[in-house]
Amino acid sequence: MSLSFVDFIDVLGTYSFAVSGAFAAIEKKLDLFGILILAFITSIGGGTIRDLLIGNTPVTWLQHPSIAWVIAAGAASTLLFGRRLKQIQSLLTAFDAIGLGLFTIIGIQKGILYHLSPGVCIALGTITGCFGGVIRDVVLNKVPLIFQKEIYASASILGGITYFLLVKISVPEIIAAAISILLIFATRMLSIRYKWHLPVWHQPK
Amino acid sequence: MSLSFVDFIDVLGTYSFAVSGAFAAIEKKLDLFGILILAFITSIGGGTIRDLLIGNTPVTWLQHPSIAWVIAAGAASTLLFGRRLKQIQSLLTAFDAIGLGLFTIIGIQKGILYHLSPGVCIALGTITGCFGGVIRDVVLNKVPLIFQKEIYASASILGGITYFLLVKISVPEIIAAAISILLIFATRMLSIRYKWHLPVWHQPK
Amino acid sequence: MSLSFVDFIDVLGTYSFAVSGAFAAIEKKLDLFGILILAFITSIGGGTIRDLLIGNTPVTWLQHPSIAWVIAAGAASTLLFGRRLKQIQSLLTAFDAIGLGLFTIIGIQKGILYHLSPGVCIALGTITGCFGGVIRDVVLNKVPLIFQKEIYASASILGGITYFLLVKISVPEIIAAAISILLIFATRMLSIRYKWHLPVWHQPK
(Lines give C-alpha, C1' and ligand atoms only; values in the text may rest on other atoms or scores of the structure.)
Protein backbone atom coordinates (compact mmCIF):
# COMPACT_ATOMS: atom_id res chain seq x y z
CA MET A 1 0.00 0.00 0.00
CA SER A 2 1.32 3.47 -0.76
CA LEU A 3 3.14 4.98 2.17
CA SER A 4 1.48 8.38 1.87
CA PHE A 5 -2.01 6.89 2.20
CA VAL A 6 -1.01 5.04 5.40
CA ASP A 7 0.60 8.24 6.71
CA PHE A 8 -2.53 10.22 5.97
CA ILE A 9 -4.89 7.87 7.82
CA ASP A 10 -2.36 7.64 10.64
CA VAL A 11 -2.43 11.40 11.21
CA LEU A 12 -6.23 11.50 10.98
CA GLY A 13 -6.65 8.59 13.40
CA THR A 14 -4.14 10.08 15.83
CA TYR A 15 -6.00 13.38 15.86
CA SER A 16 -9.36 11.65 16.38
CA PHE A 17 -8.16 9.64 19.35
CA ALA A 18 -6.36 12.65 20.88
CA VAL A 19 -9.69 14.49 20.91
CA SER A 20 -11.40 11.51 22.54
CA GLY A 21 -8.68 11.22 25.21
CA ALA A 22 -8.71 14.95 25.98
CA PHE A 23 -12.48 14.85 26.43
CA ALA A 24 -12.31 11.98 28.89
CA ALA A 25 -9.66 13.89 30.87
CA ILE A 26 -11.75 17.07 31.00
CA GLU A 27 -14.71 15.08 32.29
CA LYS A 28 -12.53 13.72 35.12
CA LYS A 29 -11.37 17.31 35.87
CA LEU A 30 -7.67 16.59 35.29
CA ASP A 31 -5.27 19.54 35.02
CA LEU A 32 -3.79 20.79 31.75
CA PHE A 33 -0.91 18.36 31.88
CA GLY A 34 -3.29 15.49 32.61
CA ILE A 35 -5.37 16.43 29.57
CA LEU A 36 -2.29 16.43 27.34
CA ILE A 37 -1.08 13.09 28.69
CA LEU A 38 -4.50 11.46 28.33
CA ALA A 39 -4.70 12.69 24.72
CA PHE A 40 -1.23 11.22 24.20
CA ILE A 41 -1.92 7.86 25.83
CA THR A 42 -5.19 7.37 23.98
CA SER A 43 -3.56 8.19 20.64
CA ILE A 44 -0.42 6.13 20.87
CA GLY A 45 -1.48 3.44 23.37
CA GLY A 46 -2.80 0.89 20.88
CA GLY A 47 0.10 1.27 18.46
CA THR A 48 2.63 1.12 21.30
CA ILE A 49 1.27 -2.17 22.65
CA ARG A 50 1.28 -3.56 19.10
CA ASP A 51 4.90 -2.45 18.56
CA LEU A 52 5.99 -3.97 21.88
CA LEU A 53 4.27 -7.30 21.11
CA ILE A 54 5.94 -7.68 17.71
CA GLY A 55 9.27 -6.27 18.87
CA ASN A 56 9.22 -3.12 16.71
CA THR A 57 11.41 -0.95 18.96
CA PRO A 58 12.09 1.91 19.49
CA VAL A 59 8.31 2.11 19.16
CA THR A 60 6.81 4.16 16.33
CA TRP A 61 6.16 7.41 18.18
CA LEU A 62 9.76 7.53 19.44
CA GLN A 63 10.91 7.31 15.82
CA HIS A 64 8.44 9.93 14.60
CA PRO A 65 8.26 12.46 17.44
CA SER A 66 6.47 14.91 15.11
CA ILE A 67 3.33 12.91 15.94
CA ALA A 68 3.34 14.83 19.23
CA TRP A 69 2.25 17.96 17.34
CA VAL A 70 -0.80 16.19 15.93
CA ILE A 71 -1.73 15.08 19.45
CA ALA A 72 -1.13 18.55 20.89
CA ALA A 73 -3.37 19.97 18.15
CA GLY A 74 -6.08 17.45 19.07
CA ALA A 75 -5.86 18.35 22.77
CA ALA A 76 -5.78 22.09 22.02
CA SER A 77 -8.80 22.02 19.75
CA THR A 78 -10.72 20.06 22.38
CA LEU A 79 -9.88 22.73 24.96
CA LEU A 80 -10.81 25.57 22.60
CA PHE A 81 -13.96 24.15 21.09
CA GLY A 82 -14.83 21.85 23.98
CA ARG A 83 -18.26 23.21 24.72
CA ARG A 84 -19.28 23.34 21.10
CA LEU A 85 -17.85 19.85 20.41
CA LYS A 86 -19.92 18.48 23.27
CA GLN A 87 -23.11 19.86 21.76
CA ILE A 88 -22.23 17.95 18.65
CA GLN A 89 -21.51 14.71 20.49
CA SER A 90 -22.33 12.71 17.40
CA LEU A 91 -19.44 14.37 15.57
CA LEU A 92 -17.12 13.15 18.31
CA THR A 93 -18.43 9.64 18.17
CA ALA A 94 -17.83 9.80 14.45
CA PHE A 95 -14.21 10.87 15.03
CA ASP A 96 -13.67 7.96 17.35
CA ALA A 97 -15.26 5.54 14.86
CA ILE A 98 -13.03 6.87 12.07
CA GLY A 99 -10.00 6.42 14.32
CA LEU A 100 -11.05 2.85 15.04
CA GLY A 101 -11.29 2.02 11.33
CA LEU A 102 -8.03 3.73 10.41
CA PHE A 103 -5.95 2.24 13.22
CA THR A 104 -7.31 -1.26 12.65
CA ILE A 105 -6.01 -1.19 9.08
CA ILE A 106 -2.67 0.29 10.16
CA GLY A 107 -2.23 -2.50 12.71
CA ILE A 108 -2.99 -5.12 10.07
CA GLN A 109 -0.41 -3.55 7.72
CA LYS A 110 2.25 -3.81 10.44
CA GLY A 111 1.39 -7.46 10.98
CA ILE A 112 1.72 -8.17 7.23
CA LEU A 113 5.08 -6.36 7.22
CA TYR A 114 6.24 -8.80 9.93
CA HIS A 115 4.97 -11.78 7.90
CA LEU A 116 2.45 -12.80 10.55
CA SER A 117 -0.59 -14.96 9.78
CA PRO A 118 -3.94 -13.29 8.91
CA GLY A 119 -5.49 -14.24 12.28
CA VAL A 120 -2.61 -12.64 14.16
CA CYS A 121 -2.73 -9.58 11.86
CA ILE A 122 -6.42 -9.11 12.67
CA ALA A 123 -5.64 -9.37 16.39
CA LEU A 124 -2.91 -6.74 15.98
CA GLY A 125 -5.33 -4.51 14.08
CA THR A 126 -7.90 -4.81 16.87
CA ILE A 127 -5.24 -4.08 19.51
CA THR A 128 -4.06 -1.02 17.58
CA GLY A 129 -7.61 0.24 17.20
CA CYS A 130 -8.95 -0.51 20.67
CA PHE A 131 -6.23 -0.55 23.32
CA GLY A 132 -5.55 3.17 23.40
CA GLY A 133 -9.09 3.47 24.73
CA VAL A 134 -8.55 0.55 27.13
CA ILE A 135 -5.48 2.23 28.67
CA ARG A 136 -7.37 5.56 28.81
CA ASP A 137 -10.19 3.92 30.79
CA VAL A 138 -7.89 1.91 33.07
CA VAL A 139 -5.84 5.00 33.95
CA LEU A 140 -9.05 6.93 34.67
CA ASN A 141 -10.16 4.06 36.87
CA LYS A 142 -13.12 2.85 34.81
CA VAL A 143 -13.99 -0.61 33.50
CA PRO A 144 -12.98 -0.26 29.83
CA LEU A 145 -15.94 0.70 27.66
CA ILE A 146 -15.10 -1.87 24.99
CA PHE A 147 -15.55 -4.77 27.41
CA GLN A 148 -19.05 -3.66 28.18
CA LYS A 149 -22.13 -3.46 26.06
CA GLU A 150 -21.14 -1.89 22.77
CA ILE A 151 -20.14 -3.10 19.35
CA TYR A 152 -16.60 -1.78 19.24
CA ALA A 153 -13.86 -4.38 19.04
CA SER A 154 -16.31 -6.56 17.13
CA ALA A 155 -16.54 -3.91 14.39
CA SER A 156 -12.75 -3.86 14.22
CA ILE A 157 -12.54 -7.66 13.89
CA LEU A 158 -15.28 -7.68 11.24
CA GLY A 159 -13.35 -5.06 9.24
CA GLY A 160 -10.12 -7.04 9.55
CA ILE A 161 -11.72 -10.25 8.25
CA THR A 162 -13.29 -8.31 5.38
CA TYR A 163 -9.91 -6.84 4.43
CA PHE A 164 -8.28 -10.26 4.08
CA LEU A 165 -11.27 -11.69 2.18
CA LEU A 166 -11.18 -8.79 -0.29
CA VAL A 167 -7.43 -9.07 -0.84
CA LYS A 168 -7.86 -12.82 -1.35
CA ILE A 169 -10.30 -12.23 -4.23
CA SER A 170 -7.70 -9.89 -5.76
CA VAL A 171 -9.20 -6.56 -4.79
CA PRO A 172 -6.29 -4.04 -4.80
CA GLU A 173 -4.97 -3.45 -1.28
CA ILE A 174 -5.79 0.24 -1.17
CA ILE A 175 -9.40 -0.38 -2.23
CA ALA A 176 -9.73 -3.25 0.27
CA ALA A 177 -8.39 -0.96 3.00
CA ALA A 178 -10.82 1.84 2.14
CA ILE A 179 -13.79 -0.54 2.08
CA SER A 180 -12.79 -2.08 5.43
CA ILE A 181 -12.34 1.32 7.07
CA LEU A 182 -15.77 2.38 5.83
CA LEU A 183 -17.30 -0.90 7.04
CA ILE A 184 -15.82 -0.49 10.54
CA PHE A 185 -17.00 3.12 10.64
CA ALA A 186 -20.51 2.26 9.45
CA THR A 187 -20.89 -0.75 11.78
CA ARG A 188 -19.82 1.33 14.76
CA MET A 189 -22.10 4.28 13.90
CA LEU A 190 -25.12 2.11 13.14
CA SER A 191 -24.60 0.12 16.35
CA ILE A 192 -24.85 3.37 18.31
CA ARG A 193 -27.79 4.72 16.30
CA TYR A 194 -29.82 1.50 16.69
CA LYS A 195 -28.38 0.47 20.06
CA TRP A 196 -27.01 -2.83 18.78
CA HIS A 197 -25.08 -4.81 21.32
CA LEU A 198 -23.61 -8.21 21.91
CA PRO A 199 -25.54 -10.39 24.35
CA VAL A 200 -24.62 -10.12 28.02
CA TRP A 201 -24.35 -13.58 29.47
CA HIS A 202 -27.03 -14.45 31.96
CA GLN A 203 -26.31 -17.37 34.21
CA PRO A 204 -28.80 -20.12 33.27
CA LYS A 205 -31.25 -20.73 36.09
CA MET B 1 13.44 -30.55 29.69
CA SER B 2 11.53 -32.35 26.95
CA LEU B 3 9.62 -29.96 24.74
CA SER B 4 6.45 -32.02 24.72
CA PHE B 5 6.15 -31.94 28.52
CA VAL B 6 6.48 -28.14 28.56
CA ASP B 7 3.93 -27.91 25.74
CA PHE B 8 1.53 -30.12 27.64
CA ILE B 9 1.62 -28.08 30.86
CA ASP B 10 1.42 -24.90 28.80
CA VAL B 11 -1.86 -25.95 27.20
CA LEU B 12 -3.27 -27.10 30.55
CA GLY B 13 -2.26 -23.88 32.31
CA THR B 14 -3.65 -21.75 29.48
CA TYR B 15 -6.99 -23.53 29.68
CA SER B 16 -7.13 -23.16 33.48
CA PHE B 17 -6.47 -19.43 33.40
CA ALA B 18 -8.91 -18.90 30.50
CA VAL B 19 -11.66 -20.43 32.66
CA SER B 20 -10.70 -18.17 35.58
CA GLY B 21 -10.71 -15.05 33.37
CA ALA B 22 -14.05 -15.91 31.77
CA PHE B 23 -15.61 -16.37 35.21
CA ALA B 24 -14.41 -12.98 36.42
CA ALA B 25 -15.86 -11.39 33.26
CA ILE B 26 -19.26 -13.08 33.73
CA GLU B 27 -19.40 -11.84 37.31
CA LYS B 28 -18.83 -8.27 36.08
CA LYS B 29 -21.62 -8.79 33.46
CA LEU B 30 -19.37 -8.15 30.46
CA ASP B 31 -20.68 -9.01 26.99
CA LEU B 32 -19.59 -12.07 25.00
CA PHE B 33 -16.62 -10.26 23.49
CA GLY B 34 -15.57 -9.00 26.91
CA ILE B 35 -15.66 -12.56 28.26
CA LEU B 36 -13.46 -13.80 25.42
CA ILE B 37 -10.97 -10.95 25.86
CA LEU B 38 -10.79 -11.41 29.63
CA ALA B 39 -10.13 -15.13 29.14
CA PHE B 40 -7.42 -14.17 26.67
CA ILE B 41 -5.78 -11.51 28.84
CA THR B 42 -5.74 -13.73 31.92
CA SER B 43 -4.20 -16.62 29.98
CA ILE B 44 -1.49 -14.81 28.08
CA GLY B 45 -0.92 -11.76 30.31
CA GLY B 46 1.79 -13.22 32.52
CA GLY B 47 3.73 -14.83 29.69
CA THR B 48 3.46 -11.67 27.60
CA ILE B 49 4.94 -9.45 30.31
CA ARG B 50 7.72 -12.02 30.79
CA ASP B 51 8.46 -12.09 27.04
CA LEU B 52 8.52 -8.28 26.86
CA LEU B 53 10.88 -8.01 29.84
CA ILE B 54 13.41 -10.46 28.41
CA GLY B 55 12.98 -9.22 24.83
CA ASN B 56 11.48 -12.41 23.41
CA THR B 57 9.51 -10.81 20.56
CA PRO B 58 7.25 -11.35 18.70
CA VAL B 59 5.81 -12.61 21.99
CA THR B 60 4.95 -16.30 22.32
CA TRP B 61 1.24 -16.16 21.53
CA LEU B 62 1.91 -14.26 18.30
CA GLN B 63 4.23 -17.08 17.25
CA HIS B 64 1.79 -19.81 18.25
CA PRO B 65 -1.64 -18.41 17.37
CA SER B 66 -3.16 -21.86 17.83
CA ILE B 67 -3.14 -21.05 21.56
CA ALA B 68 -6.22 -18.92 20.79
CA TRP B 69 -8.23 -22.14 20.30
CA VAL B 70 -7.32 -23.38 23.78
CA ILE B 71 -8.43 -20.05 25.23
CA ALA B 72 -11.65 -20.05 23.21
CA ALA B 73 -12.34 -23.58 24.49
CA GLY B 74 -11.80 -22.38 28.05
CA ALA B 75 -14.17 -19.45 27.59
CA ALA B 76 -16.77 -21.61 25.83
CA SER B 77 -16.79 -24.31 28.49
CA THR B 78 -17.18 -21.64 31.16
CA LEU B 79 -20.22 -20.27 29.32
CA LEU B 80 -21.71 -23.73 28.80
CA PHE B 81 -21.05 -25.21 32.21
CA GLY B 82 -20.92 -21.94 34.10
CA ARG B 83 -23.63 -22.66 36.62
CA ARG B 84 -22.40 -26.16 37.33
CA LEU B 85 -18.80 -24.99 37.57
CA LYS B 86 -19.84 -22.40 40.12
CA GLN B 87 -21.44 -25.02 42.31
CA ILE B 88 -18.11 -26.76 42.26
CA GLN B 89 -16.12 -23.64 43.12
CA SER B 90 -13.38 -25.74 44.64
CA LEU B 91 -12.75 -27.35 41.26
CA LEU B 92 -12.18 -23.89 39.82
CA THR B 93 -9.81 -22.89 42.55
CA ALA B 94 -7.96 -26.10 41.81
CA PHE B 95 -7.73 -25.16 38.12
CA ASP B 96 -6.28 -21.80 39.02
CA ALA B 97 -3.79 -23.38 41.42
CA ILE B 98 -2.70 -25.85 38.74
CA GLY B 99 -2.26 -22.98 36.30
CA LEU B 100 -0.14 -21.13 38.84
CA GLY B 101 2.18 -24.10 39.31
CA LEU B 102 2.48 -24.86 35.60
CA PHE B 103 3.13 -21.28 34.50
CA THR B 104 5.67 -20.67 37.25
CA ILE B 105 7.79 -23.53 35.94
CA ILE B 106 7.37 -22.41 32.32
CA GLY B 107 8.55 -18.90 33.26
CA ILE B 108 11.59 -20.36 35.01
CA GLN B 109 12.43 -22.46 31.94
CA LYS B 110 12.35 -19.33 29.76
CA GLY B 111 14.69 -17.56 32.15
CA ILE B 112 17.14 -20.49 32.07
CA LEU B 113 16.97 -20.44 28.26
CA TYR B 114 18.07 -16.79 28.39
CA HIS B 115 20.92 -17.64 30.79
CA LEU B 116 19.53 -15.48 33.57
CA SER B 117 20.47 -15.99 37.23
CA PRO B 118 18.28 -18.22 39.48
CA GLY B 119 16.85 -15.22 41.38
CA VAL B 120 15.80 -13.56 38.15
CA CYS B 121 14.41 -16.87 36.82
CA ILE B 122 12.24 -17.22 39.93
CA ALA B 123 11.00 -13.63 39.47
CA LEU B 124 10.13 -14.44 35.86
CA GLY B 125 8.33 -17.59 36.98
CA THR B 126 6.28 -15.62 39.49
CA ILE B 127 5.46 -12.97 36.88
CA THR B 128 4.39 -15.65 34.40
CA GLY B 129 2.22 -17.33 37.02
CA CYS B 130 0.66 -14.29 38.66
CA PHE B 131 0.49 -11.30 36.34
CA GLY B 132 -2.26 -12.59 34.06
CA GLY B 133 -4.45 -12.37 37.16
CA VAL B 134 -3.06 -8.94 38.05
CA ILE B 135 -3.98 -7.54 34.61
CA ARG B 136 -7.41 -9.23 34.83
CA ASP B 137 -8.09 -7.49 38.15
CA VAL B 138 -6.71 -4.10 37.07
CA VAL B 139 -8.82 -4.11 33.89
CA LEU B 140 -11.89 -5.03 35.95
CA ASN B 141 -11.07 -2.18 38.29
CA LYS B 142 -10.24 -4.20 41.40
CA VAL B 143 -7.20 -4.15 43.67
CA PRO B 144 -5.36 -7.29 42.47
CA LEU B 145 -6.22 -10.28 44.64
CA ILE B 146 -2.61 -11.40 44.92
CA PHE B 147 -1.60 -8.18 46.69
CA GLN B 148 -4.15 -8.79 49.38
CA LYS B 149 -4.49 -11.45 51.98
CA GLU B 150 -3.82 -14.76 50.27
CA ILE B 151 -0.87 -17.05 49.80
CA TYR B 152 -0.53 -16.85 46.05
CA ALA B 153 2.65 -15.31 44.72
CA SER B 154 4.38 -16.68 47.83
CA ALA B 155 3.48 -20.22 46.75
CA SER B 156 4.95 -19.51 43.33
CA ILE B 157 8.21 -18.19 44.81
CA LEU B 158 8.45 -21.15 47.18
CA GLY B 159 8.03 -23.53 44.24
CA GLY B 160 10.68 -21.69 42.25
CA ILE B 161 13.23 -21.90 45.04
CA THR B 162 12.46 -25.59 45.50
CA TYR B 163 13.01 -26.23 41.78
CA PHE B 164 16.52 -24.76 41.84
CA LEU B 165 17.44 -26.53 45.08
CA LEU B 166 16.33 -29.88 43.64
CA VAL B 167 18.22 -29.36 40.40
CA LYS B 168 21.29 -28.38 42.43
CA ILE B 169 21.25 -31.74 44.26
CA SER B 170 21.09 -33.43 40.84
CA VAL B 171 17.41 -34.30 40.73
CA PRO B 172 16.51 -34.65 37.00
CA GLU B 173 14.87 -31.48 35.67
CA ILE B 174 11.58 -33.09 34.75
CA ILE B 175 11.21 -34.61 38.24
CA ALA B 176 12.19 -31.33 39.90
CA ALA B 177 9.59 -29.55 37.76
CA ALA B 178 6.85 -32.02 38.65
CA ILE B 179 7.64 -31.79 42.38
CA SER B 180 7.67 -27.99 42.28
CA ILE B 181 4.35 -27.82 40.42
CA LEU B 182 2.80 -30.15 42.98
CA LEU B 183 4.27 -28.11 45.85
CA ILE B 184 2.84 -24.85 44.47
CA PHE B 185 -0.52 -26.51 43.91
CA ALA B 186 -0.61 -28.04 47.39
CA THR B 187 0.54 -24.85 49.16
CA ARG B 188 -2.12 -22.82 47.38
CA MET B 189 -4.92 -25.33 48.06
CA LEU B 190 -3.97 -25.83 51.72
CA SER B 191 -3.71 -22.07 52.25
CA ILE B 192 -7.31 -21.72 51.08
CA ARG B 193 -8.55 -24.72 53.06
CA TYR B 194 -6.94 -23.57 56.31
CA LYS B 195 -7.16 -19.82 55.59
CA TRP B 196 -3.40 -19.28 55.81
CA HIS B 197 -2.29 -15.80 55.04
CA LEU B 198 0.72 -13.54 55.24
CA PRO B 199 0.60 -10.94 58.00
CA VAL B 200 -1.00 -7.60 57.21
CA TRP B 201 1.19 -4.85 58.55
CA HIS B 202 -0.30 -2.92 61.42
CA GLN B 203 1.27 0.42 62.17
CA PRO B 204 3.01 0.08 65.54
CA LYS B 205 1.31 2.31 68.12
CA MET C 1 28.90 11.23 32.25
CA SER C 2 30.87 9.10 34.67
CA LEU C 3 29.26 5.74 35.23
CA SER C 4 29.69 5.79 38.99
CA PHE C 5 27.75 9.05 39.34
CA VAL C 6 24.82 7.61 37.36
CA ASP C 7 25.00 4.43 39.44
CA PHE C 8 24.97 6.42 42.64
CA ILE C 9 21.86 8.47 41.76
CA ASP C 10 20.21 5.31 40.45
CA VAL C 11 20.57 3.54 43.81
CA LEU C 12 19.39 6.62 45.69
CA GLY C 13 16.37 7.11 43.41
CA THR C 14 15.48 3.42 43.63
CA TYR C 15 15.54 3.52 47.41
CA SER C 16 13.42 6.69 47.50
CA PHE C 17 10.72 5.25 45.27
CA ALA C 18 10.73 1.90 47.10
CA VAL C 19 9.91 3.77 50.31
CA SER C 20 7.10 5.66 48.56
CA GLY C 21 5.64 2.43 47.11
CA ALA C 22 5.83 0.58 50.43
CA PHE C 23 3.99 3.44 52.15
CA ALA C 24 1.17 3.40 49.61
CA ALA C 25 0.83 -0.38 50.11
CA ILE C 26 0.70 -0.08 53.91
CA GLU C 27 -2.04 2.54 53.61
CA LYS C 28 -4.09 0.12 51.49
CA LYS C 29 -3.49 -2.63 54.12
CA LEU C 30 -1.75 -5.02 51.72
CA ASP C 31 0.07 -8.03 53.17
CA LEU C 32 3.87 -8.28 53.45
CA PHE C 33 4.25 -9.64 49.94
CA GLY C 34 2.02 -6.89 48.56
CA ILE C 35 4.20 -4.28 50.26
CA LEU C 36 7.34 -5.74 48.72
CA ILE C 37 5.79 -5.93 45.26
CA LEU C 38 4.46 -2.38 45.44
CA ALA C 39 7.91 -1.13 46.48
CA PHE C 40 9.33 -3.06 43.53
CA ILE C 41 6.80 -1.85 40.95
CA THR C 42 7.13 1.78 42.02
CA SER C 43 10.94 1.62 41.85
CA ILE C 44 11.40 -0.16 38.56
CA GLY C 45 8.13 0.71 36.77
CA GLY C 46 9.26 3.90 35.06
CA GLY C 47 12.61 2.51 33.94
CA THR C 48 10.98 -0.69 32.71
CA ILE C 49 8.48 1.15 30.51
CA ARG C 50 11.34 3.29 29.16
CA ASP C 51 13.44 0.18 28.40
CA LEU C 52 10.51 -1.52 26.66
CA LEU C 53 9.77 1.55 24.53
CA ILE C 54 13.37 1.88 23.29
CA GLY C 55 13.91 -1.87 23.00
CA ASN C 56 16.55 -2.18 25.71
CA THR C 57 15.88 -5.82 26.68
CA PRO C 58 16.35 -7.76 28.89
CA VAL C 59 15.26 -4.68 30.84
CA THR C 60 17.73 -3.07 33.26
CA TRP C 61 16.60 -4.72 36.50
CA LEU C 62 16.86 -8.19 34.94
CA GLN C 63 20.47 -7.41 34.07
CA HIS C 64 21.27 -6.00 37.51
CA PRO C 65 19.27 -8.16 39.92
CA SER C 66 21.25 -6.68 42.83
CA ILE C 67 18.85 -3.74 42.58
CA ALA C 68 16.35 -6.01 44.37
CA TRP C 69 18.39 -5.60 47.58
CA VAL C 70 18.08 -1.83 47.42
CA ILE C 71 14.32 -2.17 47.00
CA ALA C 72 14.07 -4.71 49.82
CA ALA C 73 16.03 -2.31 52.04
CA GLY C 74 13.60 0.47 51.14
CA ALA C 75 10.58 -1.69 51.96
CA ALA C 76 12.16 -2.98 55.18
CA SER C 77 13.06 0.46 56.48
CA THR C 78 9.52 1.63 55.75
CA LEU C 79 8.15 -1.26 57.80
CA LEU C 80 10.61 -0.67 60.65
CA PHE C 81 10.46 3.11 60.85
CA GLY C 82 7.01 3.50 59.33
CA ARG C 83 5.41 5.38 62.20
CA ARG C 84 8.35 7.71 62.64
CA LEU C 85 8.65 8.27 58.88
CA LYS C 86 5.00 9.26 58.78
CA GLN C 87 5.50 11.87 61.45
CA ILE C 88 8.14 13.32 59.23
CA GLN C 89 5.97 13.26 56.11
CA SER C 90 7.95 16.11 54.62
CA LEU C 91 11.05 13.92 54.64
CA LEU C 92 9.18 11.38 52.57
CA THR C 93 7.97 13.95 50.10
CA ALA C 94 11.58 15.04 49.82
CA PHE C 95 12.64 11.45 49.06
CA ASP C 96 10.06 11.22 46.32
CA ALA C 97 11.13 14.58 44.87
CA ILE C 98 14.78 13.47 44.88
CA GLY C 99 13.79 10.25 43.13
CA LEU C 100 11.90 12.24 40.51
CA GLY C 101 14.92 14.41 39.76
CA LEU C 102 17.39 11.52 39.69
CA PHE C 103 15.28 9.24 37.49
CA THR C 104 14.45 12.02 35.04
CA ILE C 105 18.15 12.53 34.36
CA ILE C 106 18.79 8.78 34.12
CA GLY C 107 16.01 8.46 31.54
CA ILE C 108 17.47 11.31 29.51
CA GLN C 109 20.91 9.66 29.59
CA LYS C 110 19.41 6.44 28.18
CA GLY C 111 17.76 8.39 25.39
CA ILE C 112 21.05 10.08 24.50
CA LEU C 113 22.74 6.67 24.49
CA TYR C 114 20.17 5.54 21.89
CA HIS C 115 20.80 8.68 19.79
CA LEU C 116 17.24 9.93 20.19
CA SER C 117 16.28 13.59 19.69
CA PRO C 118 16.20 15.97 22.73
CA GLY C 119 12.37 16.09 22.75
CA VAL C 120 12.16 12.31 22.85
CA CYS C 121 14.90 12.16 25.52
CA ILE C 122 12.89 14.54 27.71
CA ALA C 123 9.79 12.38 27.23
CA LEU C 124 11.81 9.31 28.25
CA GLY C 125 13.12 11.17 31.30
CA THR C 126 9.60 12.09 32.33
CA ILE C 127 8.39 8.51 31.81
CA THR C 128 11.30 7.17 33.88
CA GLY C 129 10.61 9.64 36.66
CA CYS C 130 6.82 9.48 36.75
CA PHE C 131 5.46 6.16 35.51
CA GLY C 132 6.52 4.04 38.47
CA GLY C 133 4.07 6.16 40.45
CA VAL C 134 1.43 5.86 37.71
CA ILE C 135 1.60 2.05 37.80
CA ARG C 136 1.54 2.14 41.62
CA ASP C 137 -1.66 4.17 41.59
CA VAL C 138 -3.33 2.16 38.81
CA VAL C 139 -2.62 -1.14 40.59
CA LEU C 140 -4.00 0.32 43.83
CA ASN C 141 -7.08 1.40 41.92
CA LYS C 142 -6.63 5.16 42.16
CA VAL C 143 -6.59 7.86 39.48
CA PRO C 144 -2.84 8.54 39.18
CA LEU C 145 -1.79 11.46 41.34
CA ILE C 146 0.34 13.02 38.62
CA PHE C 147 -2.69 13.52 36.36
CA GLN C 148 -4.42 15.51 39.02
CA LYS C 149 -3.66 18.83 40.58
CA GLU C 150 0.05 18.84 41.39
CA ILE C 151 3.21 20.04 39.73
CA TYR C 152 4.95 16.74 39.23
CA ALA C 153 5.54 15.71 35.63
CA SER C 154 5.80 19.40 34.81
CA ALA C 155 8.80 19.70 37.15
CA SER C 156 10.40 16.73 35.39
CA ILE C 157 9.86 18.28 31.94
CA LEU C 158 11.20 21.62 33.11
CA GLY C 159 14.34 19.91 34.44
CA GLY C 160 14.79 18.01 31.18
CA ILE C 161 14.59 21.17 29.08
CA THR C 162 17.04 22.90 31.41
CA TYR C 163 19.52 20.03 31.07
CA PHE C 164 19.63 20.30 27.28
CA LEU C 165 19.86 24.10 27.37
CA LEU C 166 22.80 23.93 29.79
CA VAL C 167 24.64 21.30 27.74
CA LYS C 168 24.04 23.42 24.62
CA ILE C 169 25.84 26.38 26.21
CA SER C 170 28.77 24.04 26.98
CA VAL C 171 28.13 23.42 30.66
CA PRO C 172 29.81 20.08 31.50
CA GLU C 173 27.29 17.22 31.52
CA ILE C 174 27.78 16.29 35.15
CA ILE C 175 27.21 19.90 36.27
CA ALA C 176 24.17 20.24 33.99
CA ALA C 177 22.78 17.02 35.47
CA ALA C 178 23.32 18.18 39.06
CA ILE C 179 21.67 21.56 38.37
CA SER C 180 18.69 19.91 36.65
CA ILE C 181 18.20 17.43 39.49
CA LEU C 182 18.27 20.28 42.00
CA LEU C 183 15.84 22.31 39.89
CA ILE C 184 13.34 19.42 39.68
CA PHE C 185 13.68 18.83 43.41
CA ALA C 186 13.23 22.51 44.26
CA THR C 187 10.28 23.02 41.90
CA ARG C 188 8.51 20.00 43.33
CA MET C 189 9.13 20.95 46.97
CA LEU C 190 8.16 24.60 46.47
CA SER C 191 5.00 23.59 44.59
CA ILE C 192 3.93 21.57 47.64
CA ARG C 193 4.94 24.26 50.12
CA TYR C 194 3.09 27.03 48.30
CA LYS C 195 0.37 24.83 46.82
CA TRP C 196 1.22 25.66 43.19
CA HIS C 197 -0.80 23.81 40.64
CA LEU C 198 -1.59 23.77 36.97
CA PRO C 199 -5.03 25.12 36.04
CA VAL C 200 -7.90 22.65 35.96
CA TRP C 201 -9.93 23.22 32.84
CA HIS C 202 -13.39 24.58 33.42
CA GLN C 203 -15.83 24.20 30.60
CA PRO C 204 -16.57 27.71 29.30
CA LYS C 205 -20.21 28.61 29.92
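A, B and C label the chains in the order they appear, each numbered from 1.
Quick note on the criterion: contacts are C-beta pairs under 8 Å (C-beta built on N, C-alpha and C of every residue); 3 or more make two chains touch, one makes a residue touch a chain.
Keep in mind it's a predicted model, so treat the numbers as computed, not measured.
Contact topology of the protein chains: fully connected, every pair of chains touching.
As for how the two copies chain B and chain C face one another, under half of their interface residue numbers coincide. Separating the CA-averaged centres of chain B and chain C is a span of 30 Å.
Looking at chain A, one finds that residues 52, 55, 138, 141 touch two or more other chains. Interface residues of chain B facing chain C in the complex, by the touch rule stated above, are 52-55, 114, 116-117, 119-120, 123-124, 134, 138, 141-144, 146-149, 153-154, 197-201, 203-205. The touching residues of chain C, counted against chain B in their complex, run 25-26, 28-35, 37-38, 48, 52, 55, 57-59, 62, 65, 68, 79, 82-83, 86, 138-141.
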